[in-house]
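Below: the structure, in structure tokens.
Going in written order, the chains are labelled A, B, C and D, and every chain counts its residues from 1.
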Amino acid sequence: MNWLIAILQGALFIILAPLLAGWLKYCKCHLQNRKAPSLLQPYRDLIKLSNKQPVVSDQASWLFITAPYLIFSATALAATVVPLVVVDLPTSASADVIVMVGFFAFARFFLALAGLDIGTAFGGMGSSREMTISSLAEPAMLMAIFTLTMTASTTNLSGAIAHVLNEGLVLRPSFVFALFALILVAVAETGRIPVDNPSTHLELTMIHEAMILEYSGRYLALIEWASQLKLMLYGVLIANIFFPWGISETLNPKDLGYGLLAILGKLALLAIFLAIAETLVAKMRLFRVQEYLSFAYLLGLLGMLSHIILEASR
Amino acid sequence: MNIEQTDFYTQAILSIAALIGLMSFLMLGQSRLLRLIFVFALQGFLLTLTTSLAAHSLHNPHLYISAALTLILKVIFIPWMLRREVLHMNIHRDVQTLKNKTFIMLGGASLMVFSYYVLHPIVQTTAPVMLNALAVSLSVVLLGMLLMISHRQAVAHVVGFMSIENGLFFAAIVATKGMPMVVELGIAFDVLVAAVLFGIFFLHIRSSIDSLDVDLLNRLNEIEK
Amino acid sequence: MILFSAYLAVLLSFASGLLALIVNQRHLLQSLSDYSFNKLFKNQPQPQAWVNMNLEIQHFPAFLRQAVFILLGLSGLFAVIAGLAVLISNQVITDQIPLGLPWLPWHIRFDCLSGFFFLIIGIGVFAVSLYGPGYVRSYKENQHPFASLGLFTGLFVAGMLLVLLADDAFMFMIAWELMSVASYFLVAFQHEHAANRRAAFLYLLMAEVGALAIILAFGVLASFSDGFTFDALRESRLSVTWSSIAFVLALLGFGMKAGIAPIHVWLPEAHPVAPSHISALMSGVMLKVAIYGLIRFCFDLLSEVQWQWGVVLIILGTVSALAGILYAMMQPNLKRLLAYSSVENIGIIFMVLGLTMIFMATGHPQLAALGLLAALFHAFNHALFKNLLFLGAGILQHQTHELNIDMMGGLIKKMPQTSLLFLVGCMSISSLPLFNGFVSEWLAFQTALQVDVLDNGVLRSLIPVAAAALALTAALAAACFVKVFGLIFLGQPRSHHSEKAHEVQNKFMLAGPALLAGLCFFIGIFPSTIIYLINNASGQLLGQTLPNNNLLSWLWLAPVSAHQASYSPPLVLIAALIAAGICYSYFRRNPLTTVRRAETWDCGFGGLTPRMQYTSSSFTMPFRRIFEKVWIIDEQIHKDMKGAMNQDVSAVHYQLHIHDHSWPHIYSPIAQAVNDLARQVGRIQTGNIRTYLGYSFATLLILLWLIS
Amino acid sequence: MIAAYFVLLIPLAGIIFFAIANSKMDMGKINVYFNAICLLATLWLAINVLNQGTILSTSKAFLVDSFNVYLIVLTAFIGLTTSIFSAPYMAHEKEIGKLTDRRLKLYYTMYQGFMLAMYLVLTTNNLGIMWVAMEGATLATVLLVSLYRTPESIEAAWKYFILCGVGIAQALFGTILLYYAAMQIGDGSNALLWSVLYENAQQLNPEILEIAFVFLLIGYGTKIGLVPLHNWLPDAHSEGPTPMSAVLSGLLLNDALYAVVRNKMLVDGTTHSNIAGYLMMGFGLLSFLVGALFLHRQKDIKRLFSYSSIEHMGMMTFAFGIGGSLATYAALLHMTVHSLTKSAIFVTVGHAAQIAGTQRIEKIRGLIRTQPQVGWGLLIGTLAIAGFPPFGVFTSEFLVLLATMHSYPWLAPLVLLGIGIAFAGLFRHIQPIVYGERPEGQLPVKANLWPVIIHLGLVLWLGLSIPGFLAHWFSQATVLISGSAPL
């Protein structure tokens, strides 16, 4: 039963991801006084892409064609680890939060390789920048997560969320730091403004788009979907770790329903915040990103130190 | 113990010791080679005298052999060889002015004092005459070295070297009444060979640097150029 | 029996070395075989024909190479057997060999820790012996005689194995130096290049200094005990000061061999210039022997571990890990890059060992066992993937005659099998899930996260910082190896050589790396196999093992408790296969959507050339900007001008040199000081005999004055 | 005891033979025979000592105990192997016109003369004779140093002669003082016999003995090459023919050290202030460090290795100075392995210089590619002398280091520093010599490398395991010198 729920939850994750992207775009358009596309537009794009004949460069190797599957699977696996509507998932036990970060690294590794495969300057540029940013973001993210896991003394995400939930509302300075760190990292990792701009194709600024420039058809669909999934994953992480209330602790259908509603609400809210932020903030120069990320790293570190020194000192 | 309380032999030995020391001083201050060689021969002669005296008073016949050897080697052969060399090289008119002559002489004097100082601990166990003799011979050794350090002529070096031998010899005879015969013979043999070798070397050095100035022998060094 | 196979491993490696020596004695062998067949074994035409065929001039060198490497492989195999046997049976075997000093025969001790490192060496040597014959064939006999290569390889392996067996300081040092010297000759094997000679000299010099430090460390222990056997040294009771001195000396000695920053400089010089299979052994295996030495010295011989030592190790390890990977990233030379990456991995191991020490000293032996597990596991993993990558680099060099990754490209199409193996190596070293590197890093994080049990505020804040640095290191490593794989195998060929390259013909050259790659994957999926073995080692060493609280231990990895952290690689693999399978079948369902191949989009400018691709230095440019203080960057741009007023740029020359900070700040001053001192000392020898006499005179006077 | 007389008579016969021999004969080979017979005689002597213990001749003129007998065998052995090397080497020197028949004859005569002096130093019981023989060794070799008659060689020989002469004169003064001290307690005829002195050491006047030891140390120390009395050594080693350098380094220095140790034993028996030990430690360490530093700036390959000899003699002196059984054992072992290794190195160095036609380091290149045996011999010999295991030098240095650590831990870093500096100094020169491409026109020479192989093989053997009888021997000698057995 547990396993079934876990798999269903993973499927739900995957299915809902484009919706979140659609909602984000919707909010953003409204904020920018544009006419918004339908909430379901991402689904239509994916279906359309997956039915088109892909065109692949004659320079591409097998890695180029395999990479989208690997990227998507790794991201999907990461998604199954994160509690969405219910805690106590067996999948969370088989892969803890460090493994989740590992899955992201896995996906990124192949994405960057795929960017290099064709041998265009764009791909190389994208890979180089992606690896730079992620290598700064990943430690910051781990720092933020470690703050949480040390508080809960487990690296199992289910366990950690359950711990926060059971503890009730405790004001922890470390969580404030960790929250901000994780938000900053999430923005960087999912390629949003001010780090990357998902809607431009200008070589001076693009990162993610530069790598996938050569992809088309179902491959593009997979990668797009994976990145939407990643966006949602970060959203859920932020929502459920720091504000776990509402998530179901039992497999009771009613609780599950409430859990689903709660997470949808939290995500919707988060997306609105993100849309506002993206509307208000301008994109940074590439070499300002390091300062941004070191700030995130610093926050993560402060979070951890404040946990160790202020909260758990003996 | 004063000198008047000792026997004639001791008195004689001490007088000769003083003379031998004096000879060393004379050599140290000498800047003409021929005179240097002459003083050296004189020292050798005093040594011969000491040896025969010792042989006579101590009834030690083998010391006569030593005395004879000393006479032949140090009074006749070596001075002759050196003198021939000097004349041959035509450097007997050269005057090698010693730098800091006063300083060297004063240094020599203090060496004498130093010798006494060094050997002082022995005084408790032995007769003062021994101490005096040993101190004189030590200072002769040291003065010989000082001679070598202060003089630049190879001939002077040989003289210095041999006068060190003289000092040792004097010590051996006076302090220990002569070494065992076999050792004495060995030493004499070594001195002889050394003298011959010196002769050979003068030849070689002369043909190689056309001079006997040892300061010119400085190709082999470790100084960064 | 176990000891017998251990000895056999040593002897076989010796034998392979000695066998290599007879490469020039073909005629002697010929006459010997003629004689023996005519006199001793008459009427045996078949063996005789076989022997004679192999002794023919065109077959003999190849035959001998095969034989030498077969012996070496057997040595590796027996090392594996011995190691596994002792680990599984959880024994301690001691013995004595009547060699060495008259009152101190060589003491042998083969316990689980030695056994574990035997396993590492055995696997490495076995893989190398599969790979070797094909690789060394390209050396010309008159320039690079096989005799010296084979001899010193055999001695090198034997030295490493003997270090592990040693149970007294004297034999330990002999074996240790045998290892150093033999590998020195291997580094200097291609000595016609001045750079190689310089590297070899540097290597030997640092090995010597390190060995002296180790001797002194043993000396400190020995002066508090009666004898040099490890048993006697264990009994020595030292004050904290003296044991700290011993620790610092041992750290200097073993750290120099292991390549910890800032005493790592020999490593990136020496590893690249050795033949690739030797680089693999040096980087993959020899550094582990240094780790072994440090573990043996600190945890076994020094009875009381101090937590301050752990702090030292953590700081050094962190610095090495970060510096190692950042320097690695900047290297265009593949083997240099791999060597720097070894510095990084050794740094990680040191860091985790530091954690182990801290937990040990503060009275948490179970957590110390966890730390030791992580450290040993990482050592094992590093041996696997670094060996794999060096062997891969050897194949690349063999096929493209290049080591500069800016000159490669597009090899994934020319060399599909090599590229796959290399990819596995890159993924393991980047610690991606499903591969072994990830497991050990996961364990390292788990160890670091146990910091809550400590009371000391310094430690409580230091360890998280180290953990963060570890995370940064891992991320940078991923970036670095994306660069490596991407530039070598992907894109378009950047040089004529890589365009003409093709897969290796000798399949054994692939078999070695394939074995290692398979192990990387297998261990990544079933880490419990190795953890079970390491548990025995830490049980013997620390007296404590991990709790074995999970029955499904082959499936689950739950080092502390299932509640706190768990990881199940097999389940993850299954899930990954399912997920990939589903999306593959879903997206491939429509037969109309077969892939169409087309030219790459070139923005309409026409013609993409390989020179437009990103190079090593352009790929790492963002890092160079971000961490610019880490290196000494020497960047020169020179423009050729032409035209009427010399205003038009006709060509731009760009040169980039990245230098190590430790040279101008540590090594050059030392070298300068020694030279200056030597020059000053040289002044006493003026060449003037009167001065010399003056010395004698003065010495005499001074001594006489002193004495009275 | 007859064996001891044989040991002395054979080289004497050699001197006479070569002095009157016709220079057309193959003197190199005959020299080898003389030395081979002499080695047999020493082995006979050694077996006698091994069976009977210390042998004192009836006249008490000769004393062979476990300390000197192994040095005697070593001397004979190195004398033999060096003569094997010197035969083709000197023939080559003659071929290229550096030597005439007459000088070759002088060379072989003096070779035997030197061997005689060495045996006499070792076997005699009389300290006076020891002095005479030591001086005789100088006289025998001084003409060999200037054998080539180049200005440099004459200069070197002159310095050798004068410095050693003056130095050894001080040893004579020391000997006279000893004699003088002995005269206080006994009769004159036996007073210079070491065995007598040793028995009565307790009664000798300690003050006189201390002063005497200063003179003896400076005197024989000049021959050992202790800094700052070492200045003759590199000159003499580098300018003479290479076989001479080999025996000087391998034998003369050892025997001078032997003389010092014999005298130290007397002083130790008399005083309890360990003044002799401190002096030796001080000189040893100074020589060791300065010698190591000198290695760095050398331009001449033979000079390089002569500084290495200074450094190693310093280490032995230091070890003997520490006293104690472990250090003494280490020093004895070091004496052996250093002699073997250094003479092997000089053999290869000689050939290397012949291959390149010069002794200048920067001109000798690519030896392994030119003549692999010579190149490898030099490289491995250098490794061995630099103290890398499994060669014996490592064993002894290891023991010295541990003994230092045990007795004077604050000196251990200095010793370590010295070893490190010395290694770097040697290798920075040797590596470019042996490695690299063969220079144009450089050809192999005729060489007999068996001495090298045998020596290095022995050193390797000693490093791996000291054979039982030899270990026994060393232990006995250690007991003799330091009073207790190692561990």
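Throughout what follows, contacts are C-beta pairs under 8 Å (C-beta built on N, C-alpha and C of every residue); 3 or more make two chains touch, one makes a residue touch a chain.
Remember, it's a predicted structure, so these values are computed and weren't measured experimentally.
Q: If you count the contact pairs for each chain pair, which pair has the most?
A: A-C
Q: In whole angstrom, what separates the CA-based centres of chain B and chain C?
A: 69
Q: Could you give the separation in Å between the centres of chain A and chain C, each centre being the mean of its C-alpha atoms?
A: Centre separation, chain A to chain C: 36 Å.
Q: Taking each chain's centre as its mean C-alpha position, how far apart are chain A and chain B in Å?
A: Result: the chain centres lie 100 Å from each other.
Q: Could you grab the centroid distance between chain B and chain D? Build each centroid from C-alpha atoms only and quote it in angstrom.
A: From the centre of chain B to the centre of chain D is 31 Å.
Q: Which positions in chain D touch two or more other chains at once?
A: Expected reply: 158-159, 162, 166, 170, 211, 234, 294, 297.
Q: For chain A, write out the residues touching at least two other chains, lowest number first.
A: none
Q: Identify all positions of chain B at which a residue touches two or more other chains, and write them in rising order.
A: As it turns out, chain B has residues touching two or more other chains at 118, 121, 145, 148, 157, 214, 217-220, 222, 224.
Q: Which chains are in touch, pair by pair?
A: A-C, B-C, B-D, C-D
Q: Under the stated contact criterion, what part of chain B meets chain C in this complex?
A: Touch list, chain B to chain C: 114, 117-118, 120-121, 142, 145-146, 148-150, 152, 157, 214-215, 217-224.
Q: Under the touch definition given earlier, write down the residues of chain A that touch chain C in their complex.
A: 50-63, 65, 69-70, 72-74, 76-77, 80, 91, 93-96, 98-99, 102-103, 105-106, 108-109, 112-113, 115-121, 123-125, 127-129, 131-132, 134-139, 142-143, 146, 149-150, 153-156, 159, 213-214, 217-218, 221-222, 286-287, 290, 297, 300-301, 304-305, 308-309, 312-314
Q: Along chain C, where are the residues that touch chain D in the complex?
A: Touching chain D from chain C are residues 98-104, 145, 170, 173-174, 177-178, 180-181, 188, 191-192, 194, 197, 200-201, 204-205, 208-209, 212-213, 215-216, 218-220, 222-223, 227-228, 674-675, 677-679, 681-682, 684-685, 689, 692-693, 695-696, 699-700, 703-704, 707-708.
Q: Note which residues of chain C are touching chain B in the complex, please.
A: 679, 682-690, 693-694, 696-697, 700-701, 704-705, 707-708
Q: So in the complex, the part of chain C that touches chain A is made up of which residues?
A: 409-410, 412-413, 416, 423, 427, 430-434, 438, 442, 445-446, 449, 451-452, 455, 457, 460-461, 464-465, 467-469, 471-472, 474-476, 478-479, 482-483, 485-487, 489-492, 556, 562-568, 571-572, 575-576, 579-580, 583-584, 587-588, 590, 592-602, 608, 610, 612-614, 618-623, 625-626
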